[in-house]
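Below: the structure, in structure tokens.
Note that the chains are named A, B, C and D in the order they appear, and that numbering of residues resets to 1 at the start of each chain.
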Amino acid sequence: MNKPTITKIIKTQMETKDIKTLKFYYPGKMSPGQFFMIWIPGVDEIPMSASYINKEDKGITFKKVGAATSALFKMNKGDKIGVRGPYGNGFNIKRGKTLFIGGGTGIATITVAVEFAANKKFSSDVIIGVKNKKELFFENRLKKFINKVYVSTDDGSKGYKGFASDLTKHLLSKNKYTSVLTCGPEIMMKQILSACKDTQFQASIERYMKCSVGLCGQCCLGNGLRVCKEGPVFDGKTLKKIPEFGVYKRDASGRKIKFK
Amino acid sequence: MNKPTITKIIKTQMETKDIKTLKFYYPGKMSPGQFFMIWIPGVDEIPMSASYINKEDKGITFKKVGAATSALFKMNKGDKIGVRGPYGNGFNIKRGKTLFIGGGTGIATITVAVEFAANKKFSSDVIIGVKNKKELFFENRLKKFINKVYVSTDDGSKGYKGFASDLTKHLLSKNKYTSVLTCGPEIMMKQILSACKDTQFQASIERYMKCSVGLCGQCCLGNGLRVCKEGPVFDGKTLKKIPEFGVYKRDASGRKIKFK
Amino acid sequence: MANLATKIASLKLDNPTILASGLMDEDAGSMKRIIDCGAGAVVTKSIGLKSRDGYPNPTVIELETGFLNAMGLPNPGIKDFEEEVKKIKQSNCVLIGSVFGSNSKEFLELGSEMQSFGADALELNMSCPHAKGYGVEIGSDSKLVKEITSCVKDSIDIPVFVKLSSNVTDIKKIAMAAEKGNADGIVAINTVKAMKIDIDIKAPILANRYGGYSGKAIKPIGVRCVFEIAESLDIPIIGVGGITTGEDALEYVMAGASAVQIGTGIYYREIDIFNKVCQEMNMWMNDNNIKKISELIGVAHK
Amino acid sequence: MANLATKIASLKLDNPTILASGLMDEDAGSMKRIIDCGAGAVVTKSIGLKSRDGYPNPTVIELETGFLNAMGLPNPGIKDFEEEVKKIKQSNCVLIGSVFGSNSKEFLELGSEMQSFGADALELNMSCPHAKGYGVEIGSDSKLVKEITSCVKDSIDIPVFVKLSSNVTDIKKIAMAAEKGNADGIVAINTVKAMKIDIDIKAPILANRYGGYSGKAIKPIGVRCVFEIAESLDIPIIGVGGITTGEDALEYVMAGASAVQIGTGIYYREIDIFNKVCQEMNMWMNDNNIKKISELIGVAHK
């Protein structure tokens, strides 16, 4: 039923100064790219992609940005959270060579997808992009299951200097990929989409969410596409028809907020 | 679900001047002694034992006594009634020699039980008792599947002259029966119970019914035994412990009504 | 074993589950059976001055999400009910007498009789959603609620509970009126006014057309009412509506109920639902290290 | 093929299914999708003068028998909503603009804007069960209902419907007040005030604690309200609450509704529930030899 199940945090992990992973007991199957609604009683309920998918437990990895993520950030082993889901479609990960691109906290979502591909022995490269190397996480985890982990930093403090989208363009021109799967800032993803000529494209989109079961309409984009249900992963063909992709999202009230 | 299913009458049959059978489409299994709630829209909803049990259709046989049965009496093929059920436990019909006794409209209920026993090739005798031979019904139907059909009439217009309970005593003293199963006036059934020394006994009881699903308590007797649920068939052991058996019932308001 | 004992005003119960009025409580035998199934107390059918047959059938139907009934307050009348009360009171059980009337005088007369028969407490039914001149027609008027309650309280010694309906604009206001009339407790909620139409027959199924909705579906409404009342009242509350499990009962307790009543749950979980609910409450309390049910009353209000 | 076309005041619909307010109607794209799924009309989210974020999450949870929500009337404000209305009205569809305010002046201002944007009708939300100063706090006061309705009607040309709540003592009285205020139709019902407590957390789940109950469970309450209103009013009624099938819709129609709205049903039967419900109505009507839906409106009143 779509109401929070109370569960306990069984493990925590600091990834960077302000990025943390919480693992909690939550049995069941799910796909990379699917997400949960995480209830922090008395604070808020927010969408969070799975960053770890095991049979019995799941993990989320998030950045401290506001009230809810700060409350989560303070949590320790044994603390209770409410979880409902998994929701959404998740990535469609297929045979062939895939280029995964994770930007910022999108790295969390991309990493389980890469792990899934590696377990299936699909070939893949991955780019993880952050502003500064201090914000980098999951690099070592990724290296455990694939060879090519490219890093980009806006300030050049590690790896490629520049945006992940630029590094992507570079790799696309050099190598042949069957598809590109990405999660990160929407402007980045939009740039990547325009760089993908024949390469199949999937991006995981974030919108403000309330019900997450396709009822309230809060998360819609384009012609009533529900990010919580038909998404959060959309393919390039769909996204190309959505004028607002990479341009604006809506806040909790439904007002348009331009991406910067 | 326990709400009336609307169905159509597929056949009607006059049994006597004021006793009629209606057959209607109502698929499903049920046991002899179980009953339906029959809804006559705009009039009433009343309990009625099944008098015919087929895979696809069922029948009820009733006497015109008041508003509801008069409305039913007027019904013809194609008319709509609401049916819910079957309810209650039904008779527990076992191997061995059984004496069935039906009194008045109780003959309807007993007849399907006899039919059931005959189909199983259990040996049985049957007594059907009425006031006057004009009220007799189902005699021919019974004769089709068993040899011994004893008739009693209060006025001696046919068969044994006297009460069915007296004829029962007579047969019990002559023959050996494993069990006695009866449906009819409660005073009759009580007399038969007291005549059954070692012979197993089951009687189908009538009480005013409303919910028929064991909720409202309208039909209770003894220590909260629900005629609609634990009944309508009770065994002799249980009935012997119920002081009101054969003494009084309750009307729709819950007031006690003595049997005469 | 957690301690399930509870108190509602001066009434002490071994456990907080009570048989709701109008189900399995027309005669002493039925009520005895419910007590044997573990109920901490039983409420009688709502009794009036004179005998009433109630409405013709259909009076009860099941819905996908609960039950609908329009019994029409059938009862044998208070005089005939004396022997039932006396008989059930021969066994050592807590009996709450439910009565309905159309004015203070009737409620008082019925209450006095119930008290003299030996009832341990009174429940004033001001909430039946489908009986003309009774029930919620009274229970939606705060002045009347206060007047009737205080009139009964003035002359009756056993605790007096007022049973309220959710079919009002503001149940807090009505509950406060009962409190001002010196009620010893509030019972909430009675059934919710509702209807089922059969589309083949093109008519409402219940003979009375309108009925009262009970069972699982109304629990969120009942919990809300108890929570609202608990926010503004100091007297104890008995929660009722849709309880079928120990968890349901605990939800009511956390909302502010000192005890709960169970009606339609008998259908979903059979007649020993009282034992089952107590066992489930006990198990949950053990798992959560709660010693006494009283620790949980109203905890959901922060 | 049976004729499903219906009329509510001067508003003509191809079929009687309408998207209920507050679901999939924040932007033109969503409403367009619903129209494409077969709805005869759409109602916008309830829009106020200024933008509101609504309550924090959790705002929506599923229950065993329905859904509970406390959105808190989130909306971008009437100014920002102009482009959505204009965009959706580019396609040939019937749009009903829902607005909420705290007094006549606000309702009138909002209504005038909606009309100027191109809405085909107005729905005055006087029934949200959980927003302070709005909704049922207004919709339970018959004087206010009449005053607001007639104030809006005096200056607005498109049909004006008043959406009512079942959380009142007497919905007939409120509906009559709307009729006296010259409402062109009544919409009933909004969600039912309710609550869900999580016993592990020992607190209500919704951030706002109280919420509105929708879905299957409230259908018997909605049908009852429509039946009650139809008994005492002459203006058309739009039935809403718990509709998931054609049979459910027909039950409302027989109770007296000229059209129906569907909200939570989208969850149970996906977004093309509008097509499905129409198909099922059509099938039933063919089986029962009913040519036009109008033959069935109110037939359950004998």
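Note that a residue touches a chain if its C-beta (ideal position, glycine included) is under 8 Å from a C-beta of that chain, and two chains touch if they have at least 3 such contacts.
None of the values given here were measured: they were computed from a predicted structure.
Comparing the centres of all chains, each the average of its CA atoms, the largest separation from subunit C belongs to A. Centre to centre, using the average C-alpha position, subunit B and subunit D are separated by 51 Å. Separation between the centroids of subunit B and subunit C, computed from CA atoms only, is 36 Å. Across the assembly, subunit D contributes residues 63-64, 196, 200, 203 that each touch 2 or more other chains. Counting partner chains per residue, subunit A has no residue touching two or more of them. Chain contacts in this assembly form an open path, with each chain touching only its neighbours along a single line. Each chain pair that touches appears in this list: A-D, B-C, C-D.
On subunit D, the positions that touch subunit C within their shared complex are 63-66, 68, 136, 140, 167-170, 192-197, 199-200, 202-204, 209-210, 213, 216-218, 220-221, 223-224, 227-228, 247, 250-251, 254-255, 284, 288, 296, 299-300, 302.
Those residues of subunit C that touch subunit B in the complex are listed here as 22-27, 29-34, 36, 45, 51-54, 56-64, 67, 69, 71, 74-77, 80, 196, 198, 200-201, 203, 205, 207, 263-264, 266-267, 271. Of all residues in subunit A, only 1-4, 6, 37, 39, 41-46, 80, 82, 209-218, 220-225, 250-256 touch subunit D in the complex they form.
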